[in-house]
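What follows is a pair of complexes built around chain A, which joins chain B in one and chain C in the other.
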Partner chain A sequence: MEILLSALVSGLLLGLVLALVALGLTIIFGVMDIVNFAHGEFLMVGMYTGLLTAQGLGIDPLLTLPVAGAVGFLLGIVCYFGFIKFLLRGPMVAQLLGTFGLMLFLRNLALLIFGSEDRALHHGLLVGKSFDIGMGVIVSATKLAAAGLSVAAFVAVWLFMNRTRIGKALTATALNRSAARYMGIPTERMNALAWGAGGASVTIAGALIVNFWSVNPFIGLLFTMIAFAIVALGGFGSVPGAFFAGLVVGLIMEIPGFWDFFMFTFNADWMAKVPMTSFKYMWVYLAYFVIMVVRPRGLFGWKH
Partner chain B sequence: MKSAIRLGMVVVSVLAVIGLMAPVGALAAEAVKIGVIYPLTGGAAAEGRELRAGAELAAEIINAVYKNISMDMAKSQGIKSLGSAKIELVFKDHEGNPTLGADLAKKLILDDKVVGIMGCYHSAVTKTVSAVCEQYGVPMINDSSTSPDLTKRGFKWFWRTTPHDTTFTTDLFNFLKGLTEGKAKGVKAVPKAQIQNLASACEKTEWGSNVSALIESFAKEYGFTVKKSILYAAKSTDLSSEVGSLKAVKPDVMLFASYASDAILMLKTLKAQKAQPKVLWGQDAGFEAPEFKDTLRDDIVGVLTRTVFLPKVASVKKVAGEVDGFYQKKVGHSLSGASARAFTGVQAWAAVLEKAGSTKPADIQKAANAIKIPADQLIVPWQGIQFATSGEDIGQNILGSGMIGQYQKDKDGKISLEIAYPFDLATANLIFPFPGY
Partner chain C sequence: MHQHLLQVEAISSRYGGIPVLHGVSLKVARGETVCVLGSNGAGKSTLLRAVMGSQRITDGRILFQGEEIQGLRTEEIVRRGVVYVPEGKMLFGPLPVEENLLLGAYTLKDERTIRRNLEFVYGLFPRLRERKQQPASTLSGGEQQMVAIGRGLMSNPQLLMLDEPSLGLAPLLVDEVLDTVHGLKKEGMTILLVEQSVREALDLADRGYVLQTGRITAEGTGRELLESDIFRSAFLGI
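Let's turn to the complex of A and B:
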């Protein structure tokens, strides 16, 4: 039983963290219909920002979150005005290849500056701490904090999009750009805002997860792929969709844990021989594939 | 007239350039080039740096006279039988990628015209690189890859100085058996039931999956039960489901084969999930990388790792102490299993070339098959170097042996590896059971 509970809790926590990573991607996609291939690299920037600020200033890594947020916001805005704005005039392929190029640029820039080694935080309020919450379930403090922040970020973004004037303007831009412009909404600024907000949310996520994962210049790709799976599963552009899909993906990644549970419950020795952990990412991409074939707009996506 | 002057100037400058190049060219023709392919970037970059530093140090000692190092190769300049030719190492970075490794090997052979190849640390890369060498008939000495299969292919151009994982895994099970017989220093005989259940997690390329299979087969032979064996991707960002799966079977002994970044992540996750094994053992590689110790610090006290070199060897073996002192002066820390083996690989290359007295592949092949380097020349605690020329393990050094070390904290709070196995060489009381988190 404790195996099932452990797997469930750790899957949900991981899911919340991954949902936070995917949030920025879904904001940018929802407003601009642009798929940002460099999303994972934004996360990497956030991780390096958190790590270097904490080490450079000797402060707790948690205090670096606002710094990372500011860096991400600026990065998003600069990318938009310096680069994406021009891509919008081109065909869809230009936009895809453009963000792909941005991904390569950021990755190699990081390689040039930081080198290829893994770097990790060794000190901090949350680093390496964990508690036993009973029933044999052990929760790592950093993951719990990241999960909490994830919930807060989703609520904040949802409220912002649905309850504020600017948020409604963003949603309007997302639904129909030309109509929004006729209504007097400065869509250019809305686009920049989406890039800023998307960038900030993902760099904050990065600064938080560097508390438990190490960072290197290549880390982005894995997260980009998982974020894509989440956003596709939840529906491109849907904020609640990303949230629930994140939880689903987290649970999918814990399939080896559930497998163990069934193995012990049924005392099935053959199940121990199946190398479940070797394939844990396969299930995520399988789900991505199935949802793309069966329901291309995802669970919560808008019909265009 | 003007054009005649111009022509004259061109001729003079061309001659000058040729004149400048001539002595360099003459030197270059003399130097013996060995292509060295290591993971200098990527997840194993830290080990790559160690390997490179070890290899460079050996070349330095070969190429000049060092009176305070009592090795034959330190007594003369370069390779005597080749007219004191110096050894030049041409380093290439394979990033842990087998395909890239094979391409680099071709490049070294065809463009750089190397006499031979050394490397590549990752067994998966050594496999493809040695296939290229076999195809081109270029000798390769492998210093640091331990997958047993590498010497089971009957290759004619491949020799391996390091012992392989069958040796190391035998050591592990002899260690566990010795533990139950009360042979470990400072620990009373442990009832076998207390360490009966094993669980392993190995990275899933050539090396790790072989280690995993070896553990299974040796466990059967020695009467232990493997409750769970996991293969995982070394590039994972999260290992919590893997650790959860290991913990679920409540193993007494946890065994790992990991490269550097995943070894650190694994230990961090074990700590976060409060794993409680009695023995925690790693198959070298990541468990011995300098950053493993620097990152995890107190969390690794009691962790065991197999190795071929511990700084403690320097205190019992004279030549190891001399070279280690030199290495420390250059690099700032002691030799590790990786750097000691790279050093020994270059040393083997020098000895083979010395014996061959030629850089023709056929002569090198003959020399490699006949060579015997005595133990007193080596910094590693082996009986020597001599390659098998028949049987199942063609090209394998038959005189190698392994050790098991344990991380312990001394009075000054410094964490270092103590020899735990072979039991008769033990330098400290074994910490048993593993203190846990």
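Let's turn to the complex of A and C:
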């Protein structure tokens, strides 16, 4: 029973963080209809920012979030004005290949600067600590904090988009760009804002994840795929969709944990022979594939 | 001195290589209601989009309050007081009616003015007040048109441009919408109305233009147009 509960809790906590990872992708797509293939590389930038700021300034990694957010915001804005803006004139394919190129660029830049080795945080208020949250379930303190802060960041973005004047303008642009322009909303600037907000939310997620996950220049693709799976499931452009789909994908990634539960419960020795943890990510890709085939609109539909 | 609020001077426009407007000119004086009549595909919407800066013109000038506005960004043109209520309404469907209206006031900052305009719109369309929390997409066609017009009125426009507000509405609702336009006219609003409902539009307007395949072929008061040969052959099949 503890194993089941542990898997459940661990999947949900991871899911909350993954929801924040996917949020930026869905915002950018919602506003501009562009799929950002470099999304995972933005997350990598957040992970390195969190790690290096914590080590460089000797502060707790959790305190690096504002720095990571600011870096991500700037990165998004610079990418938009320096690059994406020019792709908009071209056909859809140019935009796909363009963000693909951005991915390769950021990845190789990281390789050049940081080298290919894994880096991890070893110090921090919560690193290595864990809590017993009752009923025999033990969770690592960093994951718990990351999940809590993810939810806070997610709620902050949601409030921004639905309660502030400029956030509402962003939402309006996502819903109907022409109409938004006729309201006097500067839709060009809204594009930049979407890249800024998308960049900030994913780098904050990166700075949270680096508390319990090591970083290397190739880490991006994994998270890009996870984010694609979440956004496909939740519906491209849907913010609440990303939240719930994040939880689902978190649970999917815990399938090895559930596997262990059944193995122990039914004493099924054959189950032990299957190297489940090595397919951990396969389930995410499989889920992505099944979603695209069965319900290409996602659970919450395409933005409207 | 400029006596005209809007002056469109010999503008041309094209989609890709295909010309759609050929040297179109028209004027709207402050307080006037002017209609542009023309059949489907004549270029009426293109003309209004050109004024809004969302359709490029290859030739000619557009003056608003005596200043050239062609080449300005749409948001700047809206800021100067030109409002376009687009064909097909273009509402923010999932958002509540009231959010749609408030987005119409995006260019305004003063909270009191925005509230006052909202009250004005609710006064004009009491049904929208009853439905203010409902997603706009769940309203009937007529009510959606009221939202579209109301949203346009939220920013204190100097010039209100309506693109076929009666499109797709039942005859009873057409009258209701055009009555509202009549009410706005009486309050002194300057209106440029594009319509296919010819008689109703001419009843309402001070003057009208006939647009045929991208050219103005006739202009005048309602009576003048109704008696002109071009108009009679174009619309009344006589």
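By definition in this document, the second predicted complex is superposed on the first by the 302 of 304 C-alpha atoms of A that agree within 3 Å, B and C clash if a C-alpha of one lies under 4 Å from a C-alpha of the other, contacts with A are read in each partner's own complex, and residues count from 1 in each chain.
Definition applied: a residue touches a chain if its C-beta (ideal position, glycine included) is under 8 Å from a C-beta of that chain, and two chains touch if they have at least 3 such contacts.
Keep in mind that this is a model prediction, so the values were computed, not measured.
Once chain A of one complex is fitted onto chain A of the other, the partner contacts of A:Ala192 are absent, as it touches neither chain B nor chain C.
Considering which of chain B and chain C touches more of chain A, the answer is B. In the superposed pair of complexes, A:Ala169 makes contact with chain C only, with no contact to chain B. In the superposed model, A:Met253 makes contact with chain B only, not with chain C. Applying the stated contact rule after C-alpha superposition, one finds that A:Ile219 touches chain B and leaves chain C untouched.
In the superposed pair of complexes, A:Tyr182 makes contact with chain C only, with no contact to chain B. Within the complex, the chain C residues that touch chain A are 52, 54, 73-75, 78-79, 83-84, 86, 90-95, 99, 102-104, 106-107, 151, 155. Residue ranges on chain A touching chain B, taken from their complex, read 3, 6-7, 10, 14, 115-118, 120, 122, 128, 130, 132, 138, 140, 212-214, 216, 219, 222-223, 253-257, 260, 264, 272, 275-278, 280-281.
Partner chain C is touched in their complex by these residues of chain A: 165, 168-169, 171-172, 175-176, 178-188, 304.
Chain B contributes residues 41-43, 45-46, 204, 227-228, 230-233, 235, 237-238, 240-242, 244-245, 248, 260-261, 264-265, 268, 271-274, 291, 295, 297, 299 to its touches with chain A in the complex.
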